[in-house]
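Pasting the structures here.
Note that chain A is present in both complexes that follow, paired respectively with chain B and with chain C.
What follows is the complex of A and B.
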């Protein structure tokens, strides 16, 4: 579709850009300064309204540089929900008091805009621009926004260095793809590769491209930044980073590998067996994440390693090349959005009220705040994947795909064993909260917004484990590049 | 004749790039980078990319290099810092990097690359302009949002408070 007529399908993103500008401009007007977060939230809500108008659209926009299709549409909702609650909760995070919130909101909205681009990119230029630049660059700043906190400084610096390195590798990989096919668009590369009989060069390109995507979803061995960045960043940002860019990373990974390295008859291109490679990486990623998480005492760090493990579970389905596998990953990401962000909201509550960081500090938290403590038990159950919870349904779909394909039985076994391991450390948190009596039994009350956010994210984490048909129906409609 | 010029320019680029990496003095590295970027501009000329070569010189050699040198000179102590690598695993790292280099070169040499029909244009500016404002209009506009993010981020991080 031509540049001009594409604008009609690009309204949500345009409104997002307008919101970014409004947040920046309003900050300059003395009387309106304190309303900037309302503008940011209202901008996201209205973007959602416009996005709703795009449902069912399947168009290639701006001369094939991006696409507005059901697949991107689904992911855009995940980004909007994550972005909305991150901005909402940030205002009530004590650690962020005194930080520059207007700039913070503007940068967060720019990240959301970049994520939109990432989920809909169909050209190497937009993949790179959306993914590495527009998402990563503001994220580096957001991770280091607590300027007087050494850990936040460290998080920002590590994020920049690893980010720059892996994006360099990825772009080098793109140059190999361009060199092999002479095309920048994903469909053009796929057609070009059909005639190529160079498995070695293709292996090289796939490995290099995986370095960039793997960094975004924190796949082993590109995960080194994850624990330090997650621990050092302000907790709302950690929650956001652990869900939204990871979802976008999976979106681009699925779109890229499905539409570039796969022929029309659903076999891998030029005899390059990248499926086995992904299966191996998946097994390593989840095992590593879970085993290291076992030894963590800091709750945020533990959740960081657990998020590596969750990336491993989702990669499991990616090693099976079928629409069902993509569907399973999308189901899991939906569940993961609620349970993981809910858990991070709970961490914000503990930090706000009790200045609690380690498991030691969390002891007796359940007795002091019984309702929120009970919600946390549900979230931990869901993250482990115990029935009846959303996490269980997510895992069910992942395992079903792996077993049905009859290709990597061993991977399903590794996955089940890993879930058992994860039970142990998630329930260390539960144990700390409930089985110890607190030193100071005075009850603590959560900030109403944070308490409500935890509740709002726990309800789907439980409800979707009992009645998940609507989500499946939605995702069934969302598969289609 | 062209081959001789190419070899000379490539040699300057590579030699100064080595110096950038291996020099233990930041100032020397900075100055060596000057020659590397110049050499890359020369390589662009060999690829018939006249506009790119001119931009490379104006933006990188003229602008960014000067900024880097000013940055080094205006930052306390940074010019006298010893940058020598002291990794324990530097032998292994060097070895694996060398093996990777051999591997990549072997694959690159044996691969049948895509070769379109080369076009020799008098000037590439018109075509580049059309590409940026037509085929790649969206990335071009998105880049401005990216620059906005960079601007806000830089102001935020450098502000005292």
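What follows is the complex of A and C.
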């Protein structure tokens, strides 16, 4: 479709861009400055409205560089929900009080826009544009937005260095692909690769591309930035980074590997077995993330390592070539959105009200705030993957894919053993909250917005574990790309 | 009404827990004071009324159950269509005794926890949630549903041990949690594998049994049937617990509050053997034949190892905990007898195993309750004080002695429970243990003969500890002790009646379980033939 006629299918993104501009302009007008967050939130809501009207369209836009398809559509909702609540919660985060919020909101919206681009990119150039220019660069600034906090500065710098390194590798991989096929579009590359006679060159390209995507989803060995960035960033940003870019990373990973490195009859392209590679990386990623998380005393850092492990679980399904694998990852990401962001909201609550960072500080929190404490137990249960919870359903789908293929049984065993390991550290939080008596038993009340956000994210984390047919129906409609 | 009775049975306690949470806000007002007397009473009574009602329902279920009627009170609804998960409940002769046991012990657990002071709301709501989960496990006939309830038990148990337990409660709670989760995740994988081997894919246990014989596959040179069997077996073995997976049990028991110990030993341990009989046996009967000798061996190891450990204990509760390990060994030995070629042997073994599950539930509940009674009175439960006891004068000395004269009623009930535990004829334990041995002897002669040593060892620790506690001169420290009160009697007497009644007239129980179990034996033996073993 030509550039001009594509605009009609690109309205949600355009509205996002307008919102970004509006937030920046409003920032300059003294009287209106404080309304910037309302504009940002309203922009997201109306983007959602426009997106809702878009459903079911499958078009290739802008001369085949961007797709508007059900697959991207599904991910856009994850980005919108994550973005909306991050902006909302940030206003009530005490640590962010000194920061320049209009700038912050604008950057966050730019990231959301970039994530939209990532999920729908079908050309090497748009992949790069989405991933690096529009997602990573503002993310570096957001991680370092607390200018006077040394950890925040460290986070930003590490993020930049690792980001630059891995995107360099990725672009190098792109150049191999271009050299092998002479095409920039994903479908063109797939066709070109079918006749490729140099499996080694192709393997090289796959490895390099995987480095770039692996960085986004914090896959071992491209995870080194994760703990420091997650710990140093302001907590709402950590929650956002742990969910939205990770989802986008998986979106692009699945689109890329399924439409470039996979033939139309669902076999690996040119006989290059990248599935075993993914299986190995999956096992290493989850095991590493979990084992290191065991030793953490800082709750935020623990959740950071655990998010590495979650990436490992999801990769497990991608080592199997089947539509069910994509579906399973999408189910897991949906569940993960709720349970992980909910947990980070709880961290914000603990930081706000009690200045609590380590497990030691969290002791007795359940007694001081019983309701939120109980919600946190549900979230931890869900992250561990105990039924009945959303996390369990997510894991159920992932394991089902592996078991159904009858191929990597060993990977499934590694996966469940990792779940057991993760129980230990997630329940260290529960233990700190409930099994110790607080030094000061005075009840603490959460800021109503934070408390409500925790509740809103815990309800699906529990209910989707009991009845998840609506999510499955939604995802069944969203698989095509 | 009758078609929803199982749902009712499962969710009554959960409804009670919900009512407590809602009622708490109204009674205590907005500023939740830490359990004033009024709210505490409210919670206790809610728990007692709801579990009491559940108990009545379960008795009604028992009375209206038709022994030869197959699976009854079925409820069948689609739950998650895309994964073919069903809400499928039903009762047969295997689950019925355990359902009654669960309801009974939950009620008794509530009554025996009347003096709980710490966070009454949390305690009773978790206890009721645990009750719901246990009941769900025994009523489910859909593997997925079974699994959800199975896992749902872990969380309340973790908190019940972790918050209301003894000094090492946190370690005990997480150890229990990790062990059982390790078992159940392996079960999850086996469950998924079975799902994909069932055509059309289903978690329905009846459908799984029908297509179970058709599973033929290998993985890395190993028979997939064996892998599934072993994965399930480990999951259930941890729960039983089968030596060497038993180390979580003594710790959890020693740290747990009395009511939780009662439920843990009385109901949770039975889930391991229940799962084996419900899932492993009918689904993979050929593997039962392959592993029968190993199961019998593990049973005998359990009997001997548990008894030897019990002899070595100076903590009364730990002794009772190890006696559970020993007693569950009889169940395994009886279960292994399914491969017996003589019909009498296999029937005695399997029926004896199920009876032993029920009887051990009641006997061990009595034992733990009685330990709890003395603990509440004197705040320790040592037979001998340990060598490093805080009071050096008492260290290493006999802790009690001569209590029989001081507490005649108490010592009478302890004598009854101890004798039931060591298998004295005319008490229920004797019947089921004898049946397990009869069954075992018809196939595994040598093993069974070694196993009978367990009876002797059981007698050693029960009789010796009885002597140390109740006979001899009474120490001055315990002169003023009061005997059991009405509430304590209310928890013990029903169990005592059951123990005597089933000891004198075991037909009461056998009539209910034997039709189901005999058809299970037929199923296992004929299916094993079909698959090609035997």
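Convention: the second predicted complex is superposed on the first by the 481 of 481 C-alpha atoms of A that agree within 3 Å, B and C clash if a C-alpha of one lies under 4 Å from a C-alpha of the other, contacts with A are read in each partner's own complex, and residues count from 1 in each chain.
Assume a contact is a pair of C-beta atoms (placed from the backbone, for glycine too) under 8 Å apart; a residue touches a chain by one contact, two chains touch by 3 or more.
If you're wondering where the values come from, they're calculated on a predicted model, not measured in any experiment.
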Touching partner for A:370 - first (chain B), second (chain C), both, neither: second
Which of chain B and chain C A:412 touches, first, second, both or neither: second
Touching partner for A:403 - first (chain B), second (chain C), both, neither: second
First (chain B), second (chain C), both or neither touched by A:448: neither
Dominant contact partner of chain A by residue count, chain C or chain B: B
Interface residues, chain A side, partner chain C - complex: 370, 377, 381, 386-388, 392, 396, 399-400, 403-404, 406, 409, 412-413, 416-417, 419-420, 423-424, 427, 431, 434-435, 443, 467-469, 472-473, 476
Chain A contact footprint on chain B (complex, rising order): 104, 107-108, 110-116, 134-139, 142-143, 145-146, 148-150, 152-153, 155-157, 159, 161
Residues on chain C engaged by chain A in the complex (per definition of touch): 32, 79-83, 147-148, 151-152, 154-155, 158-159, 162-163, 169-170, 173-174, 177-178, 181-182, 185-186, 188-189, 192-193, 195-196, 217, 219, 227
Touching residues on chain A, where the partner in the complex is chain B: 3, 6, 17, 20, 24, 61-63, 65-66, 100, 103, 106-107, 110, 113, 117, 123, 125-126, 129-130, 133-134, 137-138, 140-141, 144-145, 147, 179-182, 192, 196-198, 200-201, 204
